[in-house]
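Listed next: structures, encoded as structure tokens.
One chain, chain A, links the two complexes that follow: it is found with chain B in the first and with chain C in the second.
Then we have the complex of A and B:
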């Protein structure tokens, strides 16, 4: 796996020679795949203008994890994530139900589901911890994410589900793009828009659940939100956007794993999110055309041209923005008849 | 003696929780009606780095430096979100999603790295430190009071004072920002004040229940109150009441079941909201179901009476053979009417009491008047007149019947040629 050589040698430097086990490698690969898939799926959610759709589901997963532990009595990752998925779907269902039966506004309904579902999770978790149920140690790692405890088998499961999600996106890419950019056209063409939206939300829920071990319930939303936002700065085309977001998510995930491997007290989630935020901040600044610096330069150049009296030639990139008419010209036109009236 | 001491500790913690919850509920009322619930969530997360930096710089939890740091972080969140929106054209919800998760992550990393030097760690960031609040006490007028409780009271008074002083402006801005701006109200300042109040309440809430559950304290009481009352000032009063009750109830349950007070407070809040959705007067699920059922029951009763009356009219006598009812509800209505003596059976025939006949006549009168009116004004073919009349006959009162009759002023006959019964006397 050539792409892993860089980070792996970093791990080797950070944790000393001889500590890079096969297990570490597989975990790194698994979490990297999760980061990639989260970026890809999140891009579609961003294009569909629902970037935060996974937030309520993410906070609810904690209750699912705790309940699954109580039901099975073991800390078995597939079972815990199964519980998390059930809880995530239940939270989304409750959200839909509230919209149907109560006159609570959408944002308040989302906040209610986030707060209450996380409260249920926290109460269950604290109750389990307080009773010292054997095998419950480490459940709190699902709050902020912790990859050190993952086994190779767990990582393979995460990678397999993530790859499946990416495969589904690849298969339905054409439909997804039309759905995102022109839902009316999609509906008029006879596509099941509701079903496609449901698949998208389901994919986000799955990515939130799969991202749980690495990023934790509180911050896993960021895994789906930040990489697409950063990638959006670099491209205007859907295909490259998905891939760029995936690569940014992968980079952030790998950074998180590598950094926390050398700082045992640090949770993985916050580090992944900070890495993604850093990439995002840099993208806001330096991206070509959309970046703050590029826009500033374009404005300076434009104003210089205007100062020279050259109002005709701005390139296509400038014309894309709504450029206001140069002010002197307008006031000049307005002033002409007034003067004429004075003269009479 | 020992249990006495523990009782005092729990009572103080519960009082602290109630005070904090009240502050959050108060702010939450405005957040919810302004559709800023998720901004409240974002602020609750984003105050963490502000708090962490202030504590790192030597401020103590609950001290003025921490509040200043938190307010700065909250305003920075909003400013950053808007700057990103203006700078690179990112939608504000996505922008907020980026900013608050990043700031929260930053806060967690600072707190983790500095955990050995400050009295904050990721655990209390997520769970709150309500249970420990009672052990750190200060002397207030001869009484040993937990510092956290004093802070919570000061925060409540500050938030309540700030909002009360700007209340009219707050409400005007919340319901019609454009008109408020036109009326010369400094809308930006009013909003900033609300954001600052949210940040201050969020800091108090953060100490009590942890960063993530502040959103429950902010939004759920107001969302509950909104279902129960119509007026803004009552909304705030009910929200504060729900917040205090849920805080006490949640703490008590957590104590009893030996679990996290923060989590149980959120669970009890969720319970309050669910009860409100179910039981709210007017448009709660239950109220709507009851109203619907009552309507359907009246329709079934009236249909049953009208069917018997029509059968009698067709056969030209007081008793008639009537076919089976069409719905189970109408069958139930028939049995009920029979029990009440309104409908009587006599050797295979059915007859109506005087009272029942009058009621049936009014239904049929409504039906036929409506058909006649439709026939004149709606240009419907004659076989399309029955279905709308069949539904509207249950909703036409005496006043409207008279009005239609006066307007028709033709004979007492419907478009099918059947007589329209006269209005009942008295």
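Then we have the complex of A and C:
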């Protein structure tokens, strides 16, 4: 076997020598790009406190795919994804409308849109399957994602759209951060908050649509939400957050493709989500400072120092604010065992 | 014709604001014609913050308009700085102190241009003025309330504006930060800026502000502090608010001692 690098050799291992076709490599690259872009765009949605926008858009895409198939009669990916995008945008428009007209809570309106739009999609899909319309086989792969069926051309399209999304974020990064951090200040200093929000939501919708072939309508939202949540554990800066989320999304997407490449019956979406969830879980545990273990260690250390009467146990972030430290109590507590202070 | 002293720096003309069917501010007419420290004082729910937001176009007005330097805000936005209430943002947001102050320069930079050396130097200088230069790299959640408020103040300084609007900059802030913030506000005033501050504490209001407006859903009175904070005006502003009577009494007594 020739020495291959990085994920490529993983494919070789997973699928055995001789099975690594040019097509597989292009698909792998395409889906990796999608994973990266989904993490980047998803980070902004998370920072804008709207992680569920992608969920509403994602569930609606199935109806769009089915409708596009009925309209064109072919399983042509660009056409199907075009239909998915129209459905996603329509669902988000309905979401805004419900919030305005019915003055419902955000999450309730989102739940309504998710349920109804997904129901429509499933009904259309069931209808198509029941009639046995020729060429409809494999349409249900948009439910859970299936990258084995992608052509190199499809993958290039997905990669191109993803790169465009990343480029837009890179261009408007400054604007995006001020919008997400302090919308009132942004509006007061002249930024068109409504327009910026619209672009952000549109980017999320686009990423959900291009993530569809890989992760499917039900799970694609995980590609937009989980990597940013995991990445937040590792960094306190917005720029690194976007990049980290992108890398995590890329890793999850590549894992999905590699694991399912040699197993024709396995959907890609669940593997991607599990990989992302694993990274997220590990991040929660071991991340420095924000991780569970780090926080536990810090608490233990603080309590020990406190018991010794060591004032550096306090986070002296407020030291210049003349926090009245309970000095007499320190020597008193130091004289008793750590847990014994509160009685028994 | 020049923009002579007769042109008010800020003019509220018949501003009326309602949230849904609930009116918040009625027919506010107010002109401020010279640089000063200007306090907007009134009880909770009196519409003080709403007055600032209406001036900045952050809430829709039912009627009336606001002018800055005789112009609509859109034409002079770069000359108007704004500091929202501290609670309006998520302090767990992944940005550093320096990043937030840098945002003050974004309006001037315009679309897609990244802050460069000049902006970074300015942000650093603004942080020094509020005494936070040491904490520039820290995530904003790891600050005390007073420090967070000073970050917002530094961001406003970085806007390099001529008129500043502050929404409750002293709320939930320890005494030392309050003094520091007030010192910076006074510096701005001394440098010829107009500083408008929404404030709820009558006692400090009497000693800090050159001029005040008493607001309780309408403009009760406005002018030099000593002329406006009279027992009659305070009574008209805070009437029927038993929980504030004690504070009111203290403020009036204190004013009586100092004048």
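Observations, loosely collected:
Criterion: the second predicted complex is superposed on the first by the 304 of 344 C-alpha atoms of A that agree within 3 Å, B and C clash if a C-alpha of one lies under 4 Å from a C-alpha of the other, contacts with A are read in each partner's own complex, and residues count from 1 in each chain.
Basically, a residue touches a chain if its C-beta (ideal position, glycine included) is under 8 Å from a C-beta of that chain, and two chains touch if they have at least 3 such contacts.
If you're wondering where the values come from, they're calculated on a predicted model, not measured in any experiment.
Superposition model on chain A: chain B and chain C are shown accommodated side by side without a clash. Superposing both complexes on chain A places the Cα centres of chain B and chain C at an angle of 70° as seen from the Cα centre of chain A, in steps of 10.
When the two complexes are overlaid on their common chain A, residue A:187 makes contact with chain C while staying clear of chain B. Here chain B and chain C are compared by how many residues of chain A each touches, and B touches more.
Touch criterion met: A:178 reaches chain C, while chain B stays clear of it. Contact with both chain B and chain C is seen for A:49 once the two complexes are overlaid on the shared chain.
By the touch criterion stated above, A:232 is placed in contact with chain B and with chain C alike. By the touch criterion stated above, A:267 is placed in contact with chain B alone, chain C being left untouched.
Between chain B and chain C in the chain A overlay, the least Cα distance found is 9 Å. Overlap of the chain B and chain C contact sets on chain A: residues 49, 232.
By the touch criterion stated above, chain C contacts chain A in their complex at residues 53, 56-58, 74, 77, 80, 82, 84, 88-90, 93-96, 99-100, 103, 106-107, 109, 111-115, 131, 135, 138-139, 142-144, 146-147, 155, 159, 174, 176-177. The touching residues of chain A, counted against chain C in their complex, run 47, 49, 171-172, 174-175, 177-178, 180-182, 184-185, 187-191, 232, 235-238, 241, 315, 317-318, 320-322.
The part of chain A that touches chain B in the complex is made up of residues 46, 49, 51-52, 55, 59, 98, 101-105, 107-112, 114-116, 118-127, 130-131, 143-144, 218-219, 221-222, 225-226, 229, 232-233, 265-267, 269-271, 273-274, 276-277, 280, 284, 287, 290-292, 295.
The touching residues of chain B, when paired with chain A in their complex, are 32, 35-38, 40-41, 84, 87-91, 93-95, 97-98, 101-102, 104-106, 108-109, 112-113, 115, 122, 126-127, 210, 212-213, 215-220, 222-223, 226-227, 254, 257-260, 262-267, 269-270, 273, 277, 283, 285.
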